[in-house]
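Each of the next two complexes has chain A plus one other chain: chain B in the first, chain C in the second.
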Partner chain A sequence: MKQALTLVPLLILPFVLNDFWLTQVATRSLILGIMALSLSFLATYLGVVSFAQATMAGMAGYTIAFFGPNSVGIGVQLPFWVSIPLALTLAVVSGGLIGLIARRSRGIYAIMITLAIGVAFFYFTRQNYALFNGWTGFSGVRAPQIAGLSLRDPLPLYLLSLGVAALALALVSGFVRSPLGLTIQAVRDAPGRVLALGISVTTPIVAAFAFSGLLAGAGGILNVWYQERISSFSVGLGPIIDILIISVIGGLRHPGGAFVGAVVFVLLDTFAVDLIDRERFNTLIGVVLLLIVIVAPGGLQQLASDWMARLRRPEAPKKSTV
Partner chain B sequence: MPVNHLHNTANALEVRGIGKRFGGFWAVQDIDLTVRPGERRAILGPNGAGKTSLFNVLTGDTSATTGQITLFGDSVTREPINKRIQRGLRRTYQHAHLFNGLTVRDTLFLAVAGLRGSWRQVLPLRATDARLAESERLAEIAGVADVLDRETSELSHGQRRQLEIGIALAENPKILLLDEPAAGLSPAERPKLSALLMSLPKDVTVVLIEHDMDIALQTSESVSVLYNGRMLAEGSPDDIMRNEDVHRVYIGGAHGH
Partner chain C sequence: MNKLKMAASALALCAMAVPASAEDVKIGVISILEGAFAALGQDGIRGAELAVLETGGEVDGNKIEVITMSSDASPDSAVNAARKLIEQDGVDIIVGPLSGSEGLALRDLSKSYPGVTFLNGSSAAQDTTLRDSSDNFYRFGGDGAQWMVGVGDYAFNDMGYKSVAVIAEDYSFPYTQVLGFMTEFCEAGGKVPEKFWTPIGNKDYSSVVYSIPQDVDALFVALGGADAVNFLTQYSQAGGDKPIIGGSITIDQSILDSKGPFKKLLVGAPAGTPTVGDYDGDEWKAFTASYTEAFPDGFSAPSIFAHHYYMSAKAAMLALDEVDGDLSDNQAAFRAALNDLTFTTPTGGTMRLDKNRNGVIDNFVTEVYEREDGTLGNRVVKVVRDVDQLLGQDEEAFLASGPVSRDNPSCP
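What follows is the complex of A and B.
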């Protein structure tokens, strides 16, 4: 297993990085990468770009905040082994519902519908106080303590995020080899032909969105533990665009690229402040995005694998398949 | 049992007064067609005669404007595609829209497996899955066994046509509608296709749209000729070859060779 080998340096990382690098860069990249993976999965295998991934992640995040310890005094305390499955279930259900709503849309129309859902959810969280506590949202959210190990500490949270990221990638590669996963790819290539085989296209589309909801939800849970808060701003246009940018930088056609994109994004986000002032970050990320789209439309992951292929076979660079 | 008895004597396909209108234009009109079980029927007709439009109505790809369709004694005029597929109706398309990102093996697998509802559909396929063995058998029959692991986007035109037939043969079809399977094939590939058509199980009913007279007459026992959306002539290959009208509009025209 070549993929498993890349885990080795990632497991050594905590011993060479200080807490700042481990938490602010490595863990954050993993969490954002998992959320971006939910988008890359949809784009790669269903051929749909969704702007509603932050909504699915937010459903899970809000569930954890509402049913766990928080400092705003809203919600019901449930043990983590109830609230985590509940959060994932709600993310999957919201993903499936979004898929159901967007099932007839492709291309720009799918983008518009999912964007509308994402923005609607953003405004809903701002106006609803009983469940979402309005625009201030929840703060003081605490990651649980499991077997004496606090998931708030840098090392456990990093290792958990790494484990979830690896599991998410493994789930994706297994799922796309399943009958349902193959059908999802068939719908991407020729939906009319899937119907002509007597197979419903609604089931695979809804399943793809629901599965992306599972990935986004896992990222959303880790994110609320990491941030220790969640509010309307966590599901607004900012995070929606961030997820898209990360996926595009990494390469929308490669699930693993989401993590490459996340590392680049987090490094820029963390250190651009030192180079240029905070306000210019959007300009910088815009320029990077533009460069990627022009120089490497397949994303950094594609660029890297092209180079690797060229190094190995200098005369015949082969189209890479992931 | 009376029901079985009915099935045994019923025609494979019975079409009465079928018409299909696009806007103000009748692509096919007043078509009657009867095909016996196990029959090999060719449908001839110049470009734009309405052959593909007729197939689309028969399979449910589009709905009929007028008329009745009966498959093995049961009316299917209002049934959706998937119901007709369950009755054993399969087709190939004149212009193949295949799953470009899937391999030949996975494409045939989907044709074999459909999506029978069970939670196991989300688990990775195992190499020992019987449905994969069935896909390989179909690839063997269709002549694409040597490219099983290629993506369909990498196939030659001829291989794509062969794969089309492999897809149509999945799950023991009872009646096959083939839309110009030989179109665009090289002279070397044509005899292979004829051989494939002749090797189909004898109890499978085949309706074949074909411009290639050699293939059509060699593989079929009866011929229907469409012209301007209407049925111009029907009969044995010999009858059709001798038919004056057919000569005038078809054989004597663009396709005289």
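What follows is the complex of A and C.
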């Protein structure tokens, strides 16, 4: 019920924001939030930090671009009700494959493997022309028109992103309570005991990666509609690190943290250039991110909920944030 | 989360409440101000600012406000920067971007914003204006093929090279440069038996160096910055001694100033470029003087980027002056003025647009020479005036040859 209450102000937003704020800030935050959620999910429930989420999102985005209207003359045009499920399927499959490759590694080794996959995919898209159109990538990608209404218009895209974000959060909270979700968390806590119970560890890990591929893929589809283009830059080291930053500053404790992190990230990314000398704005972004990590090691979402708890029960003993 | 959203809404209302004076003309300049291109991108901004400074900051009583935004060489970042300038800052005109794929992205974006006029900065991909052009996207400059005009002819007839191997980076700008070179060179009767496409930022060129056919007369090298230094170093260390032909960004002063055994390969090397720092034309000297006066901390002479951003911003100023700052009716009068505009460029030629709104430019063939003190410099050997985007060919035949790629053009 509490979650539903959060939706109310978000539904009012379109009435108070102009198109720039609605699209460039609110919608972009939601889209990046969905992608970051796929990483938060893996980090929180499987205990693996994956750098390959941009790859899974990119798989979906490239599929939409390849099988949709674009202005580079590559690909086959399919109706959107075929290309969207296809894009999601490919994202899930790529997530599953990455999980299969990374299933035996933990901690820094998992980071290395997924980073290698992400960077390999980046170079592959940059040099393959038949499917990915190399350096230039796809441009002029149009979101589908439904009953004369383009999904790229500010309001439909916002509402769609909001809907997908809400659905993604609901899916995550449902999935982690399901038997498979519980197994995934058991694998995180004690893989040895799971094995001793006679349960294979591979299946839950692959399933977790595939599920995160679904989330990342949904974000990737929205992102390609929002950007109206996709290229090797969209899956490179920049986006890989952006997704990580958003997850970390938002906080990995609660899935909603990804969206808090995304809002802060997008505001900084968009407006830092107005606040400081044009040549120094990256320094400002770096300093703010550093401060967030120092002041709120559990992420902004954790920091905010700690404050709320303190405000509500001032007499209560101080809660540890770690 | 709600608090953040509320803060965001409050901020948004404040942002909307600041009214812009109706008389102001806002110009957004997009350039690369971060990463490897930052110093060059900054010079692009200087060029645009110089054109505004020359008007005294206002045209017919309309104040000109310049707002700069940074991109990071990726098309996505250029699009985001343009969207912010248009939707948040409310600019009327955009000048930029710097690099090829960004230009293609903004060309596509411009179709969604018919109320804003886009003036290309220095991006030089061919299809930005040639195919699928946009009514409100202008390029007061050339593409990478125009920047090579004169070189193919010079290499075949003056240098006597009959067969040349190509080493270039694998993206749209070098493709266009190779087209500009090969169009003339192949037409004159030259052959290009082999082309090597290397990823941008490549460090190890040994596989390329040892695959270069022994029977070619010269190498056409269209690599930029550190890539060019790396290739030339490794090539000369491996004992390579073929003469070099340079692209527009291959043999710049920073490469000539760097230390290395490859320098002997470069003496006499021809290259094509629209901008020569120490060109001795009167207009260029005047331009350099006003540049160094306005920006004492800039380069010793305007770079190719300052030159091109300057021409675009200058065109905007001249057209604004012609229509007395009238940007009404989706800037119809302003755009008509831009279409018919002619002005004298800093290189002494006459800038005008073709029907795709691409510039007709001057181009230079330069060669590397050894100064008396032993350092190397570029000097002009040939000026080609009035180079158009079709490279003087029949339009239908030119378009029929298809978009540039790794395999197009070809004359093995």
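Keep in mind that, in the parts below, the second predicted complex is superposed on the first by the 310 of 322 C-alpha atoms of A that agree within 3 Å, B and C clash if a C-alpha of one lies under 4 Å from a C-alpha of the other, contacts with A are read in each partner's own complex, and residues count from 1 in each chain.
Keep this in mind: a residue touches a chain if its C-beta (ideal position, glycine included) is under 8 Å from a C-beta of that chain, and two chains touch if they have at least 3 such contacts.
The shown structure was predicted, so the numbers you read here are calculated from the model rather than taken from an experiment.
K.L.:
Would you sort A:175 into first (chain B), second (chain C), both or neither based on which partner it touches?
P.N.:
First partner only.
K.L.:
Classify the contacts of A:124 with the two partner chains as first (chain B alone), second (chain C alone), both, or neither.
P.N.:
In the superposed model, A:124 contacts neither chain B nor chain C.
K.L.:
Quick one: chain B or chain C, who's touching more of chain A?
P.N.:
C
K.L.:
Have a look at where A:136 lands relative to chain B and chain C in the superposition and call it first, second, both or neither.
P.N.:
After superposition on chain A, A:136 lies in contact with chain C alone.
K.L.:
On the A-aligned overlay, A:9 touches which partner chain: chain B = first, chain C = second, or both, or neither?
P.N.:
second
K.L.:
Just chain B (first), just chain C (second), both, or neither: which does A:188 touch?
P.N.:
Only chain B; A:188 stays clear of chain C.
K.L.:
Please output the residues of chain B touching chain A within their complex, sorted ascending.
P.N.:
59, 61, 81-82, 85-86, 91, 93, 97-102, 106-107, 109-111, 113-115, 121-125, 167
K.L.:
Any idea which chain C residues touch chain A in the complex?
P.N.:
Counting only chain C, the residues touching chain A are 1-6, 8-9, 12-13, 15-16, 33-34, 38, 42, 68-70, 72, 74-77, 79-80, 83-84, 87-88, 101, 104-105, 108-109, 112, 132, 170-172, 199-200, 405-406.
K.L.:
Show me the residue ranges of chain A that touch chain C in the complex, using the header's touch definition.
P.N.:
6, 9-10, 13, 16-21, 23-26, 71, 123, 126-127, 129, 134-137, 139-140, 227-229, 231, 233-234, 236, 238, 256, 259-260, 263-264, 267, 270, 273, 278-279, 281-282, 301, 304
K.L.:
Help me check something: in the complex, which residues belonging to chain A touch chain B?
P.N.:
Contacts found on chain A: 174-175, 177-183, 185-186, 188-190, 192-200, 203-204, 207.
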